[in-house]
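Here's the structure, in structure tokens; my notes come after.
The chains carry the letters A, B, C, D, E and F, assigned in the order they are written, with residues numbered from 1 in each.
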Amino acid sequence: MKIKVINPNTTASMTAMIAASARASVAPGTHVDAVNPTSGPESIESHYDEALAAIGVLREIEAGEVEGYDGYVIACFGDPGLLAAREVARGPVVGIAEASMRTAGYLGRKFTVVTTLARTVGRTWDIAVQYGVAEACSGIRACEIPVVELERDPTAYASIRDVAQTALVSDGADVIVLGCAGMSDLCTRLQTELQVPVIDGVAAATTQVEALVRMGLRTATRGEFAAPPAKLRS
Amino acid sequence: MKIKVINPNTTASMTAMIAASARASVAPGTHVDAVNPTSGPESIESHYDEALAAIGVLREIEAGEVEGYDGYVIACFGDPGLLAAREVARGPVVGIAEASMRTAGYLGRKFTVVTTLARTVGRTWDIAVQYGVAEACSGIRACEIPVVELERDPTAYASIRDVAQTALVSDGADVIVLGCAGMSDLCTRLQTELQVPVIDGVAAATTQVEALVRMGLRTATRGEFAAPPAKLRS
Amino acid sequence: MKIKVINPNTTASMTAMIAASARASVAPGTHVDAVNPTSGPESIESHYDEALAAIGVLREIEAGEVEGYDGYVIACFGDPGLLAAREVARGPVVGIAEASMRTAGYLGRKFTVVTTLARTVGRTWDIAVQYGVAEACSGIRACEIPVVELERDPTAYASIRDVAQTALVSDGADVIVLGCAGMSDLCTRLQTELQVPVIDGVAAATTQVEALVRMGLRTATRGEFAAPPAKLRS
Amino acid sequence: MKIKVINPNTTASMTAMIAASARASVAPGTHVDAVNPTSGPESIESHYDEALAAIGVLREIEAGEVEGYDGYVIACFGDPGLLAAREVARGPVVGIAEASMRTAGYLGRKFTVVTTLARTVGRTWDIAVQYGVAEACSGIRACEIPVVELERDPTAYASIRDVAQTALVSDGADVIVLGCAGMSDLCTRLQTELQVPVIDGVAAATTQVEALVRMGLRTATRGEFAAPPAKLRS
Amino acid sequence: MKIKVINPNTTASMTAMIAASARASVAPGTHVDAVNPTSGPESIESHYDEALAAIGVLREIEAGEVEGYDGYVIACFGDPGLLAAREVARGPVVGIAEASMRTAGYLGRKFTVVTTLARTVGRTWDIAVQYGVAEACSGIRACEIPVVELERDPTAYASIRDVAQTALVSDGADVIVLGCAGMSDLCTRLQTELQVPVIDGVAAATTQVEALVRMGLRTATRGEFAAPPAKLRS
Amino acid sequence: MKIKVINPNTTASMTAMIAASARASVAPGTHVDAVNPTSGPESIESHYDEALAAIGVLREIEAGEVEGYDGYVIACFGDPGLLAAREVARGPVVGIAEASMRTAGYLGRKFTVVTTLARTVGRTWDIAVQYGVAEACSGIRACEIPVVELERDPTAYASIRDVAQTALVSDGADVIVLGCAGMSDLCTRLQTELQVPVIDGVAAATTQVEALVRMGLRTATRGEFAAPPAKLRS
């Protein structure tokens, strides 16, 4: 089985880290490639960034169909381009936000998302509603570290841990969801220190794609997710 | 007051019709320009089309900021790029879906949307939920006429009227919302024949922008809709 | 176009202020009259007051139909008598609560209402649910200044501003809605000081009526809002 | 224990029937008086009627406080004036809509309301939402018999039964709620013929008031339902 | 009328207290028996306890059908076995959680539940949603006193009162619901001291069963709550 | 990795079929055992059956903890005993209803559940709400074939297919969820014939447990799902 994990931003170091997280949880025999678009924003922290990034994601899906992948992961917590990608890909496409937030439902009563900038909180609530997990979401809290600083800022781990700790105490959360693919390398350490389940969306989405492929399940092509109507695109 | 109405698709004849609808309802002294992107899909009937069209909308907003508009209308029923546009524009930005569906709330108990293709129904429900109008929405019904056929197909009016009639009888709707900017020239005739309020989103959004500008109201810049963080965009 | 703005309480000084607010935002050529019932409560701060005031509103609507108005505004934040008024009036009727809370949806992610007495908070949530805006409402906060004191109490402005400030910080609101027609003269000053959109329902409702009239839209008469059945009323 | 059952319309024959229904289910020692206002609409079939009727209800509650009642029933399915009445009365006040729809929750999975005119359906959904029973409500169906015709029209029973039968088959309802106090004398016959629980709100509300009084429970006076602020009411 | 009140745990002293609470509010002529299973957990503080206790409740219902009871109360705040009991009993079955939380709706705007251990809060929210009362529920707060300690711990009353006091101030509650049958003997004292309605579910459920029996209402047998299909049960 | 799949009923032939379905989708190296309790109902078609079956499930979990399993599947569509099982097991526990209904979210817009008897529909809606999937659920339709007849009745496949076909046409579903573990052997054939994704909960839950174990995720033990308090259980 070949899975293509798409980092929607153009930061190659983040793509490498995402690759590692995805590969760490797959079964023997599952091959994972991680890529990023060559053009687009270096990180995704606004609706504007997300609109630009969606184009890059779709180009990678289109290429992936030629390359012969069985399924795809969109590795940015806003799941940019997800529904459009489902129209284009033959195999399943899973976003890291939907996968991590649905996975939380198997593990506890309430999860809080720890995200980067507060300005993305509204968008995250929107998709939480869309995915049916808003009732289970006890909070979306920002650490106010920009995406590209996550790997550079030596205080990042401590900041994220402190925000998560606050969520456990103040929100009544019993599960933590990491709200950025760039946090996936911190997952194990956080889980060990916090002693609650901490979910990395990259692993959650990649194992979900694996499961869907193994069950022979693909996106419905009856209606909304059929291939987009062919038309003039100038 | 200068308002820029953006048709997100590239079909110029539709842009002309949208211009006429927008101008028909504004107050004396309000100047309306209607434009469309030079590149992108000729019509928007899938998540894929919408992702592509959003880029064109954002380019028009960015140009509009230089051109000095007081506010903007996004004239496609999926409101593509709406939240991103709010980050970019200084003045208010209103989508025709949000404007028409919220306007329905002032006029009756339940509205049904008459849209083009059934494959867009899911997306329309998503934004109805986001805009808080899902409870008031008694149905979203497709006439199965593609967007570009609306102006060519001589049976289009009758098909739309029949779908609306079904909505009044079967859904208990007392208001009809036209689910495509390309239907706006049919609004008056439908309202006269059906004897219920029929809402054209182009008019609803344009008069809404007018009202916001006149009240001195602009998009909040505290948090989510602040200008997007400057960053490398390769 | 002639719009009748009805202050549901009997305090004439408030009616004068409401008239000024309504006139400040309308387009050239729109004529606004502001009135209040001659009998009823001097202010509306309970369900009991609201029940009494609804009668006065309906009497003014009935008179307005003879006087030849094109549309009506109900200028009290509980929107007393709104649905009944729609059965009676030929033209559109808009309440200031529904107009201001729906208008907030065009401007930001979350709004908090700053109201007068805490005892009205429950009623305001009820109508927020009814209007579909409860998800977007981040709070309803009372300044505990009775309606009639708003114009007399020299600390009123500061109290309202402080409550609004708390809403921005604690509720995550990015828009403020003024929860009483008697606050409409404070709107511009608050917006300037708080640097967020502040919505006065009187302006929002009056410009909404203007827009509806200009679009040729009237209340649905198919079903719920048809004229009330004629009957013995002893 | 003395309970005052208020028929909000002015039709004395309906008041007599309501009295009989209320008395049929109370415990030994509970005294029931049924009254109606001397002025107001003869039946309540619109928002307009309801606004007028609320005044009559409040006058009866105010009189009842002098007369020394322990609790009150508002015997019209729109529960007109209910929240205002709670501000005025010392003892509990229960509406027949809230009582019957909450009672249904103890008996089955889904209830359908059989009401008089279709124009009242929207209002009934509004209060179903307010009372928290909308999820359990499988439908609100009209028999299109005006309230005052219920006691005159010899086909009324058969029409109501047929509507209820349709609800059982098409809505999946397993409980029927009678949506008008004027149907309360048909309850037993309907239940026998339909072989499902059929709830008469008059009985449900009266026994609920009994239970509240016996438990020593009164409306909260902390906040919203405290006595209305004293003020000039011209 | 004969009502069987079932304490689902095996603590006889609690059964005696429940009997007293139930008997204190019933009408003359209503006979109440209170029982508990002979096997099962001594208190119910986990999903695990609840699963075990449900079996005991069902055995008592089955016995009650032979003994000839008119209706049943399940006197544990998780309402264990409630829906299964409705399939087995001919007469009505009411749980103390559903009865107390629905009763709150007649008395105020918002209720907070004061429960024993925090670990039961999630389950209580689940049933609040199921009963349609989640919107009216302003909080579920634990006093962290285990069930069996309620009658032994001399500080129990003060702890519960303090939690309730916090609920009134911080949650905006105007009604308190006691979240454990073992608190029913504290109800009157709490209500007197807190000056808000305090609801004991044992009284609320028992008077509700009385009312249902007096109205001739039984659980629907059309569909879900018909007798369980006969089958091999090894 | 060792997973224990628990069939909550006592029908061994169904357990064998469940084992086959579970094993068909797991990765190399994952060992699956399927068991059923020795006592309890032969099939689960009522709340009563479900209460009895939960005890058997818990006994199997308790045994499994001694036997050393990494995770558990509860293979009955009502997910009996699921929350209690999470308190008892160290590793993850997944029910087939939650897994299949959440999996549907990755594949299409709307799913309909095809279940056995109509009497279970209410319970299925309850858990759909609890799992956050009610908005995505376009229907729950019964084929009216009892569980134990699924393997004996030669018309079972055709009946289920016809119900699914109706769901696609009438509900607008684009995904089908099989509402009984006893249907899992029909999944591939149905998917091939219907040309939409058809989800077997046994496979969905088993691969979900695999994924959770591989990610090192276990049920939260902070709060609700901590081990049940030790206590006297007579």
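Criterion: a contact is a pair of C-beta atoms (placed from the backbone, for glycine too) under 8 Å apart; a residue touches a chain by one contact, two chains touch by 3 or more.
All values reported here derive from a predicted model rather than from experimental measurement.
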Pair from E-F, B-C or A-B with over half of its contact pairs in common with D-E = B-C
From subunit E, the most remote chain by mean C-alpha position = B
Between the Cα centroids of subunit A and subunit D the separation in whole angstrom comes to 52
Which whole number of Å gives the spacing of the CA centres of subunit A and subunit E?
-> 43
Euclidean distance of C-alpha centroids - subunit C vs subunit D, Å = 30
In subunit B, what residues contact two or more other chains?
-> 109, 121-122, 129, 135, 172, 223-224
Contact residues on subunit E for subunit D in the complex?
-> 25-30, 92, 94, 98-99, 102-103, 105-109, 131-136, 168, 172, 174-175, 188, 191, 195-197, 199-200, 203-204, 207-208, 210-212, 214-225
In the complex, go through subunit E and note every residue touching subunit F.
-> 10, 38-43, 45-52, 54-55, 58, 81, 83-84, 86-88, 117-123, 126, 129-130, 146, 148, 223-224, 226, 228-229, 231-234
